[in-house]
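Structures are listed in the sections that come next.
Common to both upcoming complexes is chain A, partnered first by chain B, then by chain C.
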Partner chain A sequence: MKLFWSFTRQAFHNTAVYRVEFWIRLVSILLAMYSIRAVWQTLYTQRPDAFGLTLGQMVTYGVLGMALHAFIDTGSEWYIATQVRTGAIDTDLLKPIDFHVHMLARNLGEMLFGMGVMALPTYAIGYFVFGLQLPPDAGAAGLFALSVLLGFLVQFHLGFLLGSVAFATLDIRSIAWAYFAVISFFSGQMVPLWMFPDGLRAVAEVLPLQAVYYIPMSIYIGTYSGPEAWSALGFQALWALTLAGVARLAWHQVHRRLTVQGG
Partner chain B sequence: MIHVEHLTKDYRRVKRREGLFGSLRTLFSAEYEPLRAVNDLSFDIAEGELVGYIGPNGAGKSTSIKMLCGILVPSSGRIEVNGLVPHKNRMANALQIGAVFGQKTQLWWDVPVIESLRLFRDIYKVPEPVYRQNLEMFNDLLGLHEFRDAPVRQLSLGQRMRADMAAALIHNPHLLFLDEPMIGVDVVVKERLRTFIQQVNRERKVTVILTTHDMVDIEKVCSRIMIIDHGQIVYDGDLDRIRERYGTTRTLVIEFEESVPDFDAPHARLAKSEGRRKWFAFNRLETSPSALIAHISARYPVADLAVEEPDIEEIVRTVYRGGDPQEAAR
Partner chain C sequence: MNPISLYLRLVRIAIKARMQYRADFVTGILGVIVMNVVNISLIGILVSRFADLNGWTIWEVVFLYSLWILGHSLFSLFMWHIRTLEDYLVQGTFDQFLLRPASAFVLFIGREVQYLGIADFAIGASGMALAYSNLRLTWGPVEWGFLVLAILAGTLIEMTLTLMISSIAFWTGRSRRANGLVMQVNVMVQYYPVDIFGAFFRVLVTSVIPVAFMNYYPALMLLGKVEHIGAWWPLAYASPVVALVMVGLAAGVWQLALRQYSSAGG
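Now for the complex of A and B:
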């Protein structure tokens, strides 16, 4: 546990260096929040009851998606891919920590940092400026927090697997582009799953991606509650565990075949 | 401490085709060529030794060191490091070893050195008193306090090497791998690192394997030298023995009182001629300097003379080339 805190502290030191980057990111998130609210407002003036939610819930969903995006995606794939491409992966393997645990600690640290520094301000601005609503009750807030953590685990392991591809290809940029296109759509970050056409919806419900945005956000706005919320959490936990297992297996294979680039 | 037996590592490398069209073809069908980086390598290293591990670029030094660290898995053969098989017990092995890879830093790029060291303390679970004591030693011997609050990206190369050296030793390892730790550092820092390495070896009984291209490092620091080429050991022994075996060439430098025509002496070859000075190369097993001097001074008046031994760099060059000591003199 102490290790996880050490990595959080490290993430703070690491990111605090790039002040300009911080402000640019903050501004771009706020812009995204602004535009998503504008889109829903326009749609609601055209067809007020076509979406099955109040405008307030819908705006909350959209704005929250942006606030979550500020910290849930820690980009574990980029770290792994860079280490592999430059050969610096050997300095990671020199340390007496399991590589999977090491990456988890590192990214959890970055997520906690992002939550404190990025998500809280954006959340506050979302609340005061963009009409972000609070969760229906304290219970929903608690389940939401748990669900975000599970969503992070799913996201992290997908990134870990994506990064592991770099061991074979050295470069993951093109694969990452495809992956981001798929995740931002199928995770329900922009548009909730129930608005999808039937065929796509069936696909989205099987994929683990909905665990990252759709489930936590549905719990937050109250469309998932009670047993429904718990079974959604179960879905997340199951995927998190499965992906963790797959990631460990994949890593085991990768390590056996590892080639370290350069000297 | 280290036992290596018939160690082999094969890589598979994508064969590159030339030109733009060739690169495009590689996208569809890649050809692989096998590459044997380490070939049937065997050696033993005892506790407390300070071994110079040298060889030309691409000889397999780094690959074998990475196998000893458990980073790479061998294709075949056996390795034991202090009773552990590194690639099977990578983490346990990591606790007993420390390493500096001169080309890469293991510190966090954007973070002050001291923060990296703190994280290392947590990762290696170093007790606080030990951590403090080690920091003090690094302050004294490496001058760590001069740059401990600067982020790594702002350090000079010499400072970075010192910081990396501290990181490698923060957990009191039994074994230290130094893979070109002197690369690109100036003479003063080099001297400091050499003294530090010797001190760590002597006082803390840390076994050290040092890879370098600078023969002065080897001469000043190491008690034993292992030369590797094409993935195999080509020489293993102490420095005196390598001098005896490969360094049999001597050069007799003579300054004559007046300029004399070029000539060869028995068992010696005129290697160079410059003004009134001439260089004669000979093998000390074939003739002695005194016989040579007697022969020459009987013919021409000699003003001054000196006998030169080959330096270690020359000897190593000979070993790399696969052996004829006479070659080195030419």
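Now for the complex of A and C:
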């Protein structure tokens, strides 16, 4: 466990080194928040009745989607793909820690960095500038935090699986673009699932992607509460476990057949 | 050899180099198509649910998106690697362009092609065709001519912006994140009509980062919505002029950058 946290801490520090990058990322998150707010505000002003929510809830949903995006996706696929392409993956395999656990520790560190240093401050700014809302009560806030953690686990394992594709193809860029687009669509990050046409909504509700954004955000704005929130958390936990299992299985297969060139 | 035929020869070589990786080609094209279809559908869901977005119907929004991506496609085909200028500088491989008896700019710009621009172009052309028929547009030669000018202006605006931002790396060694930031502003303009944003953002994308001239302003002219911007109507026709001014600025920045360049060695 101590080893686990040392990798987590290291990842946190690695990310903290680049100052200019920090400021640019900060501005970039604020811009994303600003744009989504402009869209919802325009739509709301046109037809206030079409939401079933208040403007405050809707804007909060949109801005929160941008804040979560700033840390929940730590890009584990890029790390794995780069290590594979350059052959540096052998240094990861030499480490005295299971690869999957190592990746989890590392990405957890980056996630905590993104949350503490990027997302929380920008969200706090957004809270005052854009007039955002807080969760309905402390209980909902707690469930939201738990839900974000589960969402991170789902996102991490999807990334881990995508990164593992690099062992077969070396380059995952083009697959990754399609993957990101599909995630931003079906996860409800930009548009909540209940605004989808029925057919698409049915698809989105089966996929694990809603566990990354839609579920935590619905708990935050209060459209999921009580038993509904708990069953949504169960859905997330189930997918996190399933994907973790699949990821370990896939890694086991890859590891057995792996040959590293150069190095 | 004159710069243009040198450039064409370099592009032929770059294409040959690219064609070594056919599998990449297919997955890459598919990836770009999926990405764009998903993006358009997301905006489509929103706009169709609310009938329009600040007076822009769903097909007008598709038109904006397509006009942007048509200009962008030429950039991404032939000039995408401008964004990687910092790698050439940091690794010292930029020196190859300075050692040959030709313009460093032509050598650099002809160094690579990025086939994904083909997918961008296909998407832009089909989106534009769909929007044209659904909006029941009937253009005369003036509009068609202006469309071509607007697309070329879009390419030049994106290229010159990217070149200027990437040139920051001549001084600081880094420019990728700054490019990413500008790209983000650019994507906002690609997806949404600029008039849903506040005054600050509208001024920003009209003057400092003039990406609104890639699609928003020329679209006002092409869709007959010039009255949208009232007394500012000349902006709807200004894209080609803005592109030329940007070319002048970028050429200046590039000269300045080259003059103070000192190699990283390697």
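Here are some notes:
Just so it is clear, the second predicted complex is superposed on the first by the 259 of 263 C-alpha atoms of A that agree within 3 Å, B and C clash if a C-alpha of one lies under 4 Å from a C-alpha of the other, contacts with A are read in each partner's own complex, and residues count from 1 in each chain.
The criterion applied here is as follows: contacts are C-beta pairs under 8 Å (C-beta built on N, C-alpha and C of every residue); 3 or more make two chains touch, one makes a residue touch a chain.
Fair warning: this is a prediction, and the values are worked out from it, not measured in the lab.
Judged by the touch definition given at the top, the superposed model places A:F196 against chain C, while chain B stays out of reach. In the overlay built on the shared chain, the residue A:V39 is in contact with chain C alone; chain B does not reach it.
In the superposed pair of complexes, A:D98 makes contact with chain B only, with no contact to chain C.
By the document's definition of touching, neither partner reaches A:V129: not chain B, not chain C. In the superposition on chain A, A:K2 makes contact with chain B only, not with chain C. In the superposition on chain A, no contact is made by A:A168 with either chain B or chain C. In the superposition on chain A, contact of A:V206 is made with neither chain B nor chain C.
Once chain A of one complex is fitted onto chain A of the other, the partner contacts of A:I24 are limited to chain C, with no touch recorded for chain B. With the contact threshold set out at the top, not one residue of chain A is in contact with chain B in one structure and with chain C in the other. On the chain A side of its complex with chain B, the touching residues are 2-3, 6-7, 9-10, 13-14, 17-18, 86-88, 90-91, 93-98, 255-260, 262-263. Partner chain A is touched in their complex by these residues of chain C: 23-24, 27-32, 34-36, 38-39, 41-42, 45-46, 49-54, 116, 174, 177-178, 180-181, 184-185, 188, 192, 196-198, 201. By the touch criterion stated above, chain A contacts chain C in their complex at residues 20-21, 24-25, 27-28, 31-32, 34-35, 38-39, 42-43, 46-47, 50, 169, 171, 173-178, 180-182, 184-185, 190-191, 195-197, 200. Chain contact summary for the complex, chain B toward chain A: residues 11, 62, 66, 69-73, 90-92, 94-95, 99, 101, 103-106, 108, 110-112, 115, 118-119, 122-124, 151, 179-180.
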